[in-house]
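Here the chain labels run A, B, C and D in written order, and each chain numbers its own residues starting at 1.
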Amino acid sequence: MTLANFNAPVARREALDSRREQLARMMEIRAVEERIQRLYSEGEIRGSTHLANGQEAVAVGVARATRADDVVTCTYRGHGHALALGATPLQVIAEICGRESGAAGGVGGSMHLMEPSVGLLPTFAIVGAGLPVACGAALAARTRGTDNIAVAIFGDGSTNIGAFHESMNFAAIRRLPMLFVCENNLYGEYTRIEKSTPVTDLAVRAASYAMPSAIVDGQDVDAVAEAVATAAARARAGDGPTFIEMKTYRYSGHSRSDPATYRPAGELAEWQKRDPIDILAARLVGEGAIGSGEVADLRAATAAGIEEAAQAALASAHPSPDAILSHVTAASPGESNRWNFWSKSTSGGRPTGTPPSATR
Amino acid sequence: MTLANFNAPVARREALDSRREQLARMMEIRAVEERIQRLYSEGEIRGSTHLANGQEAVAVGVARATRADDVVTCTYRGHGHALALGATPLQVIAEICGRESGAAGGVGGSMHLMEPSVGLLPTFAIVGAGLPVACGAALAARTRGTDNIAVAIFGDGSTNIGAFHESMNFAAIRRLPMLFVCENNLYGEYTRIEKSTPVTDLAVRAASYAMPSAIVDGQDVDAVAEAVATAAARARAGDGPTFIEMKTYRYSGHSRSDPATYRPAGELAEWQKRDPIDILAARLVGEGAIGSGEVADLRAATAAGIEEAAQAALASAHPSPDAILSHVTAASPGESNRWNFWSKSTSGGRPTGTPPSATR
Amino acid sequence: MALMRMRQAVLKALDDAMAADGDVVLMGEDIGDAGGAFKCTEGLIGKYGRDRVIDTPISEMGFMGAAVGAAICGLKPVVEMMFIEFAGVALDQLTTEAATMRYLSRGRLTVPMVMRASAGAGQGFACQHSQMLDHWFRGTPGLKVCVPSGARTAYGLLRAAIDDPDPVIVLEPRILYGEREEFDGDPAFRIALGSAEITRPGRDATLVTAGAMLKVALAAADKTNADVEVIDMLSLAPWDRKTVAASVARTGRLITLEEAPAGTGWGGDVVAAITSDAFGALKAPPHRITLPDAPIPYSGALEKLYLPDPEYVTAQIDALVRNGRAPAAWWKEAS
Amino acid sequence: MALMRMRQAVLKALDDAMAADGDVVLMGEDIGDAGGAFKCTEGLIGKYGRDRVIDTPISEMGFMGAAVGAAICGLKPVVEMMFIEFAGVALDQLTTEAATMRYLSRGRLTVPMVMRASAGAGQGFACQHSQMLDHWFRGTPGLKVCVPSGARTAYGLLRAAIDDPDPVIVLEPRILYGEREEFDGDPAFRIALGSAEITRPGRDATLVTAGAMLKVALAAADKTNADVEVIDMLSLAPWDRKTVAASVARTGRLITLEEAPAGTGWGGDVVAAITSDAFGALKAPPHRITLPDAPIPYSGALEKLYLPDPEYVTAQIDALVRNGRAPAAWWKEAS
């Protein structure tokens, strides 16, 4: 089962240079999330799953403004980021359905997507845990003399956990080449931000670390990309980390079948008026980058592609029982295929001769 | 061995209303710390011990501006606070020498002083651990309908640990009746603040929680007391927590025999020019509250009293072997003598009929 | 007698305890307005108000410590830890602060708090949301740990935990929340911490287990030809050495069924202690049935293989009773 | 052969590893300019610079996680945890993140990091700075745990830990830092993780121990009339089941001497496994010598009573070998 080609994730990342692909990728994320919601209802998904529809502009904006050999840590709400960074719909859907062709071979599930070839570490299921790890990636980049950066992506609720504070401080004091990207979608689980957090703009928290910060319209992919590009350039130049607050919104509930009845009436509708896909579509039509009739076609084509990926995922094999005991330590069964970030000898960080995982 | 009388700690706390006693208490703290340093050299102290000479004004200022039935959490650098709050020199020195007459019966040592009758919980040996506990005490005070407050005391270095952040946020969002008192003595162990912390004034960190803050001259006991009194009144009135940064300095090294060679030349001398005891002594002489000749006498008398306490501590019994297995759980051996904070039936929180621990 | 789901029993225990004692307060993420991620606190905020049902920020170290402080100062906090793994960001407050408070203060300051957490595998929450992790707490002087196996024991243990004057950790097998069991809901019902129950008497072997594994043990006991006594540990610390030792003295064989890899499971301590107590009575070497030394897989196909099922346990018991020796664990044969 | 203090051996191991491999970096509080709270990193910042010897803020979760990320991205971080108790504010990054990274990524992302921590009792650091706490890590799939017993083993284990492609925890008994031992400092010397050493051969009983207890065990072995084989575990996870089982098969008696209360000590798992492996050979019930179920007292007089000494261990061994049964622990008689 090799739907994705050899270089699919990196190629998909690089394709984001195209305006049209940016729009298509946002549509793809939306379609994947909607399909996953259905797969959940259909009983194909175990445990929990967290959708990010409504937040597509953040995912695509970050991916477009960073490089495939940068490192990204994000959370269980990571389907969109995985797709934007370059993981294929098959990898994502298959993982969430526990298939061997999934991004983690089916042992991780919805909360643990990853794709090393485009820098995505296994998404973090413990709130706050990805931030210190991103600091470490940034530290390694600097120590190893590359100009790579690390990007930590996390939610508004995560800014109340200790690891956030420790990471911001550590990154600031060591001027690490990294970005803190906070997706402020107004909710942490079922709790609205004002019930858990005494400040409205989380960007004010950067001042505790003398760290530059920005507040960005997270529904506008161009605004996201611009802010990320600026901060990334600063980080690469050795000028340290930046905190970027993306004001955004998740259309779905927190997880699984959460109907999100705790939201004030009309809030969702209000945000949907500024739908990130619509905003970009309108802009591209305005720019003449895409014909106005093409938007619906692109959407339909994307949906069809995702349906194909979903069917392929469901038709693909469950992991073999060997997977249970493999890759626990280096002494366990399982082919040794460590990803070498920034290895000098290869392009894109892939060590020579190692088959990329994306082809499973 | 009953040097301390029945109500000694509470009486000692209340005595701080007197200006003269404020000065005497600061001298007492200094003398105790100096004696402990010698006891350490003499081999009477095991493990580690952390002196707070130079920081006496913070201890006495906080104690004087709060009530004996408020709750205080502080750190291993807590000898001065224990004495200021009301624990007796014998309790403190004996504990540090591991004697049964010590504040923790000799099982705790230098890092774990306490005196419930004046609100001092066992001092915290884990950086940051006392802050959430103080939040809980404040929560209990409010839930139980008292006007008590909790005070968390901690160092500059502790503002970089996650528990600090989580506690500040929790206190702010619940408007807890409490104070965060940061003793910014410029060092966390052997590291100067600018090497670990990207901001100079830690008070700026309060803005992350929309919490009011103040920066106070920690060498001036009156400035300390005034800031604490203001914040305490606000907390008691239901107006929430305050962060107070006390600019201060420890004259000794971090612990034990640390010679503090990492300090820039002249820094200590510069701070000693603004010695908190000298500042108060001069002020009291100026006010006419004390004759200028009396200062030296008071100092000498204090030193003599401390020497007596030290001798008494050394002459007192080691804990009995029973202490090893007692008080592990309620089912363990050991008299049940739980301190009932704010119990309606007794004054000062001491439940009727329970012999106060301070008399051991 | 009515059937009750375990989550209902937990809710009733909290409700009854709060009604009986105004000092009992709840703390946790989304336990108030949302009623808890697993609906174990549903409706309580309406009944008892926001001062007693406290929705916290995502700050486990913060609110765990707040529970310690509140307990010292006269409340009886019951903290909900949504998944026990999250205690990994809050451990210090339980194992280092709460556990030593009574000791350090020579009995003057005590911490009557409870941390209840959902725990365990079987539902595809993957390796960071599926462990029991009792070993983080078990054996720490000053802490108690218990694990219910259904609605009745969930009620009895949780009420006992809230009554207890010291910190208690209750690990609620998440997979049992929706399971129903006969339980009359008697508000006076308690299960003494530290005491086990003989769930099924037998003469040939003693099968000691806990939590969600009880059901597997009982099914295996039904399947095997041997006459197996099944003991539900209920408390992992302290644990009921007397009951287990007496049983093994009768049966001569000890088997543990643990939802943990061997290196972290409670069975090591149990086997060592009982071997010492009942050495002369042992007809076969004690035997532990554990999870393999590997994280818990997400895939349903794999998780099913990963967890012991009644067939596997039956085969192990049969062999031990018949041959005096259990076969190697499946993963040892496999590798 | 020269005498070397354990702290010097640790320093030499770090120095040699850094010299040999530019990817090795150190992280921790006051390890740079100050040379470490226990002087195990003295001089290294001058030699290797601030990018490889990283003084961190007081943020254990932060820098532990940074070590995980740095390890994934090609460095080999060695984190110093000043006292192992401080891992209570950083546990998640080791047990939940580092331990599962290789598994979740199917071998693509690995975490070749070491956390070395000072641990253990005996010097009056009191109950929150004196524990071994190996049970927080031991048995967690994906993590290795080892404990040196002197300069030579500190060097051999730490070099092996740094070489290891997976996360390893090295618990250095603090009380041994100043102790001297013969060790030639051969930079090629390694002790394979997972292998124990027979420190003293004997025929009557196998006394298994680790860390600072080794000295007590050897002294007791000298005192007793029995001919005791002493095994230094060195690695607690994985542990050397083969060596211990073979020894017990010869001696017929197993005694563990653990610096932990029974509920948290490594001996339960060891006794259970060996009882299973060597059941037929056992002449007496296996016996564990542990700490009491109580926090560690500060007072020197009490801490001395609290910790097992050679006399106590000798009496336990003598009784087991002579009567086939060890006397109850001193605190059980006492209470």
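Everything below uses one rule, namely that a contact is a pair of C-beta atoms (placed from the backbone, for glycine too) under 8 Å apart; a residue touches a chain by one contact, two chains touch by 3 or more.
All values derive from a computational prediction rather than experimental measurement.
Looking at A-C and A-D, the interface holding more C-beta pairs in contact is that of A-D. The chain with its C-alpha centre at the largest distance from the centre of subunit D is A. Computed from the mean C-alpha positions, the centre of subunit A lies at a distance of 36 Å from the centre of subunit C.
With centres set at the average Cα position, the gap from subunit B to subunit C is 40 Å. Inter-chain spacing, taken between the CA centroids of subunit A and subunit B, is 47 Å. Counting partners per residue, subunit C has 56-57, 59, 61-62, 85, 88-89, 92, 96, 103-104, 127-128, 141-142, 292-295 as the residues that reach two or more other chains.
Within subunit B, contacts with two or more other chains are made by residues 104, 107-108, 112, 126, 160-163, 166, 169, 173, 195-197, 323, 328.
The touching residues of subunit B, counted against subunit A in their complex, run 160-166, 169, 172-173, 195-199, 204-205, 207-211. Those residues of subunit D that touch subunit B in the complex are listed here as 29-30, 33-34, 37, 55-62, 85-86, 88-89, 123-129, 292-295, 297-303, 305-306, 331, 334-335. Against subunit C, the residues of subunit D that register as touching in their complex are 61, 85, 88-89, 91-92, 95-96, 99-100, 103-104, 127-128, 135-136, 138-142, 237, 260-265, 267-273, 275-276, 279, 282, 284-288, 292-295.
Of all residues in subunit B, only 71, 73, 104-105, 107-108, 112, 114, 116, 121-122, 124, 126, 129, 131-144, 150, 162-163, 166-167, 169-170, 173-174, 323, 326-330, 334-343, 357 touch subunit C in the complex they form. By the touch criterion given at the top, residues 25, 51-52, 54, 56-57, 59, 61-75, 77, 89, 92-93, 96-97, 101-110, 141-142, 144, 164-166 of subunit D touch subunit A in their complex.
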